[in-house]
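First chain A sits with chain B, and in the next complex the same chain sits with chain C.
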Partner chain A sequence: MSWGASDLTVRFGAHLALAGVSLEALEGRVTGVVGGDGAGKTTLLRCLVGAIRPDGGEVRRPDPHRIGYLSSSSGTYPDLTVEENLDFAATTYGVPPEEARRRMAEHLERTGLAQARDRLAGDLSGGMRQKLGVIRAMVHRPDLLVLDEPTTGVDPVSRADLWWLVARAAAEGAAVVLATAYLDEAERASWLLALDEGRILAEGTPEQIASGVPGTIHSASARPGGPAAARSWRRGARWRVWTPPGAQSVATDGAEVVPDLHDAVTIAALARELGGASTGGEAA
Partner chain B sequence: MTALAEALTVTRRFGHLLAVDQVDLQVDDGEVVGLLGANGAGKTTLIRLLLGLLPTTDGHVRLFGLPPSRETRRRLGYVSQGLGLYEDLTPRENLAFAHAAFGGDREVLPAGLRPLADVPVGRLPLGVQRRVAFAQALAHRPDLLVLDEPTSGVDPLARARLWETIREAADAGAGVLVTTHHMDEAEECDRLVVMADGRVVAAGSVADIVGDARVVVVRTDAWQQAFGSLEAAGLHAALVGRTLRVPGTRAGDVRRALGEIPARLEEAGATLEERFLELTSGWSGSGEAA
Partner chain C sequence: MWAMIVKEFRQLRRDRRTLAMMIVLPILMLVVFGYAASFDVKSIPVRVIGPAAERLAPALPDPFEVESVDPSAGRSDAETALRDGEVPVVFLTSDTGVTVLLDGSQLFIATSTRGAITALAERAPQRVSVALEVLFNPGLETSAIMVPGLAAMILLFVGTIITSLGVVRERQAGTLEQLAVMPLSPTDVFVGKIAPYFVVAALDMTVVIVAGMWLFDVPFRGSVLAFALGALLFLFVTLGLGVLISSVSENQGQAIQLALLLLLPQIMLSGLIFPLSSMPPGVRWIGYLLPLTYFVEIARGIMVRGAPMSALWPSYLYLAVIGSVVFGLATLRFRRSLAPAERHGRRRPQPALEGASR
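So, the complex of A and B:
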């Protein structure tokens, strides 16, 4: 099945939080939504699960009891133990006790939470609490699993456990939609939507986004002068210089670079910034 | 090169807990050193020891060749995870406050921040707050810059801009020590130090650390089924797009675990993150995950 949203517009007062954003969530696929603070990721995910009614556009989602959702603030009760949190969720969704116990045991074991089953969720470390939140959100094998920045502030070891859960849910057939601020993580999604100020900056598979960069990129040991200065950015100890199609190319002391996802998303943001400046712009 | 910060076989205990265990670390002028480790690996304790906020149990810390003191503190710039800004003061007021404490330039707000100079920090977007915290930490031209997860939560372009600032400081001769949980950020550093259980378990360039670690890449239309079969065989696969990457094993073992499932297998070099997990947690295909 395919869930998703078409042409969503959301306003909070005068602020345009989403402007014409569409997303398709296919079963068995991990769809990544990437963007910085304030890009519109949370608003998009909230529309998807039905927590916000958009001002325009359409959302296709399964029945509420077939959705699993981890919000960016918290998905657990701090004053219940790990096991009580999961029992409560399983009961709420009507999961047969036998199946609930089996899934719970497997997921807790696999993500290193088995020893913590009697601890209060409020006493867990950030990474453990996020793992519990995801296990809780997928306790009923939802058709649509929506995770709002499950790995923010989480260390790489817990992040690997969280991604195991994500893979597990997709392997069971869930359409997973996951928001993140990090491109190295977004790269693991099979479809990606990059958001900036409520608009789509780029979308496709990570490979498609990387290979769809217009113009050329060169490496350089220093920032170039002139108009190219605004089209260059730091990458490690060196600079990258982007030349859009039709622009005067700049001689650099480095080779042409095959763009990766980072370059592509950086360029999409630069293009918007530069385009906005030259047209007088409709900056938010 | 001059050693700006040195930990010389430093150990720190908290009661029975050995938080930092005989760690050697050096940050020279002009270089960016990344400090990686899971939570509880000892990164934050090490930073506090280096900043002189905690005494060592054993070993020595040297800042600019001296024991940490009020004088060495003046030559440090520090951006904590919490940023350390006053949320009810504006960027201009925060910087004036820092100026009174540390000296340095009076008007150091980058041009891009000037339009927001009089908005209380608490009302600014996170990316802007981070730039203010950077400007504040850099205002007194510190010789050593310590950054705890400097770009958490900001978009790629904003991150590139923050790294421009970090690199400019290093180009001007400052030494920079950065902690991060993100490997793309780690790859921006000149040199990395990986900690686990209070010890340094690897150090060097990305290539040094990854070494010849390899993973088995599984490509199949039936990835869901393959994921289940690998799990059943105790091989923990990571999903990347529609391919599975299995660390710590050989193609032959993966083939056996897949049974009849048609799949193309190839061995590939591990990523920094995969190698990091192997080094720090035993999170690998061998089924010995904690």
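So, the complex of A and C:
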């Protein structure tokens, strides 16, 4: 079963938050939505679950009983315990008590929350609270699981736990849509949508996006001068310089590099900024 | 320090509502206390009955104001009129003297009447005997009228402040959006949200009344069922007010401010503390708009005087009407804050194109 959105447009007053964005969420697949702050990730996700109504476009979503949603503001009650939070969700979604208990126990055990089941959610660390939020969102085995930046501000160990939950939900057949600001993490998604200022920058599998970069990239120890300065960015201790197809290449002191997802998304943003066409595995 | 002062002023300027409250509240207090806060009873409506009624009525000096004269009525009519709250004082005349019957649930009027009668008796001809009889609350105990008032105040506090805080907390924690996309109808959320407060308020009120009866010998003369119905209607109003406040407040601070703005005039102008009859008409009409006025009327009427529902029906009717209005508005606002259409507090002008098609 496929859910998603076609040609979504959302305006907040004069600000265009989403401009013609489409997304397909396939059963059993993790679709990542990447982008910086203000790119439109949250707006897209909120449209998808029905929290806001778009100005244009169409949303295909299952019945509310079959949606799981973790909003960016955690969505757990700080004055309820871990178990009470999950109880509330399970009852609301009509999960049989026996099954709810079994799933709860398994997920809490696997993500290291079992000892915290009687603690108030408000007393949990940020990572634990996010794990609780995801477990809560998937307690009813939803058809569409939408998670808004579940891993932001979470330590690597908890992040691994969170990804276990995400993979688990997908394996159970959910169409998972997950927003993240981290590109390294986005590589774990099987399909990616890169957003920038409410528009699609690139779309495809992480490999497709990385291999779809037009032109060449070179490594350099310092930022080049001239027009190439606008096409260079820092990566770790060194610089990367992008030469679009047809442009005159700049001599650097480094070798040509094979672009990864990070490079690809950066170049897509650069290309837009410099007035070029958007790039990507599948042109948006 | 200067930087701190500037920062504080900037923040204050952003918080328009607090600023407005700081200006409005003192003015409101001035009006309420200045005009309404008075224990002096300037006019006492009375009914004069019995064979000598027509002779006595024109002779009654201020502060008595004769409301009606009925020579054919007797003592039992007087008691009924007092019990039903038609009038606070009845002059029961006979050929030999006058018996003044007072409604003890109207403490200040009763006290003032007693003073005026004492003065009057001194001037009265020797052959006329003047007797004074206080009904329902013969000792003119303050507790007898304050306990029913307190019960009303509890419903007001729990219903308005606590409920508004509970709903705003949900908004502040960011969980309201979560609820909006869960398979819960606005009615589910609304009823689920207020049901616990309803139960707590009802329990709270019962405890106060029972404790009042036990500790202060406060009477409960009327029907418990009639009282419960009045409380239910009043709770309906206050819970609606609470939800209404929460729907226009961004945070708990704002909710408390607004709730206070609604509670203060109710407590001051409802007749709970200061008698309505001693307020100037310019302020008194506000009192007659406030729901607490009517529940205080019901609570005191039933508990202290044992008034039947048939005598108090205008109060029930008013509570039912205002309750429906407030509750209706609250439900509407609440639905809007849960509806996907709402963005930045505005309704979407165009119909949604989205569908839930599978």
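Criterion: the second predicted complex is superposed on the first by the 275 of 284 C-alpha atoms of A that agree within 3 Å, B and C clash if a C-alpha of one lies under 4 Å from a C-alpha of the other, contacts with A are read in each partner's own complex, and residues count from 1 in each chain.
Keep in mind that, in the parts below, a contact is a pair of C-beta atoms (placed from the backbone, for glycine too) under 8 Å apart; a residue touches a chain by one contact, two chains touch by 3 or more.
Predicted model only: the values in this text are computed from it and were never measured.
When the two complexes are overlaid on their common chain A, residue A:Tyr93 makes contact with chain C while staying clear of chain B. By the touch criterion defined above, A:Phe12 lies against chain C but remains apart from chain B after alignment on the C-alpha atoms of chain A. When both complexes are overlaid on chain A, the residue A:Gly225 reaches neither chain B nor chain C. After overlaying the two complexes on the shared chain, residue contacts for A:Asp37 are found with chain B alone; chain C is out of touch. Of the two partner chains placed by the overlay, only chain B lies in contact with A:Thr205; chain C stays clear of it. Of the two partners chain B and chain C, more chain A residues are in touch with B. When both complexes are overlaid on chain A, the residue A:His65 reaches chain C alone and has no touch with chain B.
By the document's definition of touching, of the two partners only chain C reaches A:Val49; chain B does not. Touching chain A in their complex are the following residues of chain B: 36-39, 125-127, 152-158, 160-161, 163-164, 167, 181-184, 187-188, 190, 223-224, 227-228, 236-242, 273, 276-277, 280-281, 283, 289-290. In the complex of the two chains, the chain A residues touching chain C come out as 1, 12-13, 46-47, 49-65, 67, 69, 71-78, 89, 92-94. Residues 28, 30, 35-39, 110, 112, 125-127, 152-161, 163-164, 166-168, 170-173, 181-185, 187-190, 196, 205-206, 233-237, 262, 265-266, 269-270, 273 of chain A touch chain B in their complex. Residue ranges of chain C in contact with chain A, taken from their complex: 173-175, 177-178, 180-184, 340-341, 343-344, 348, 350, 352-358.
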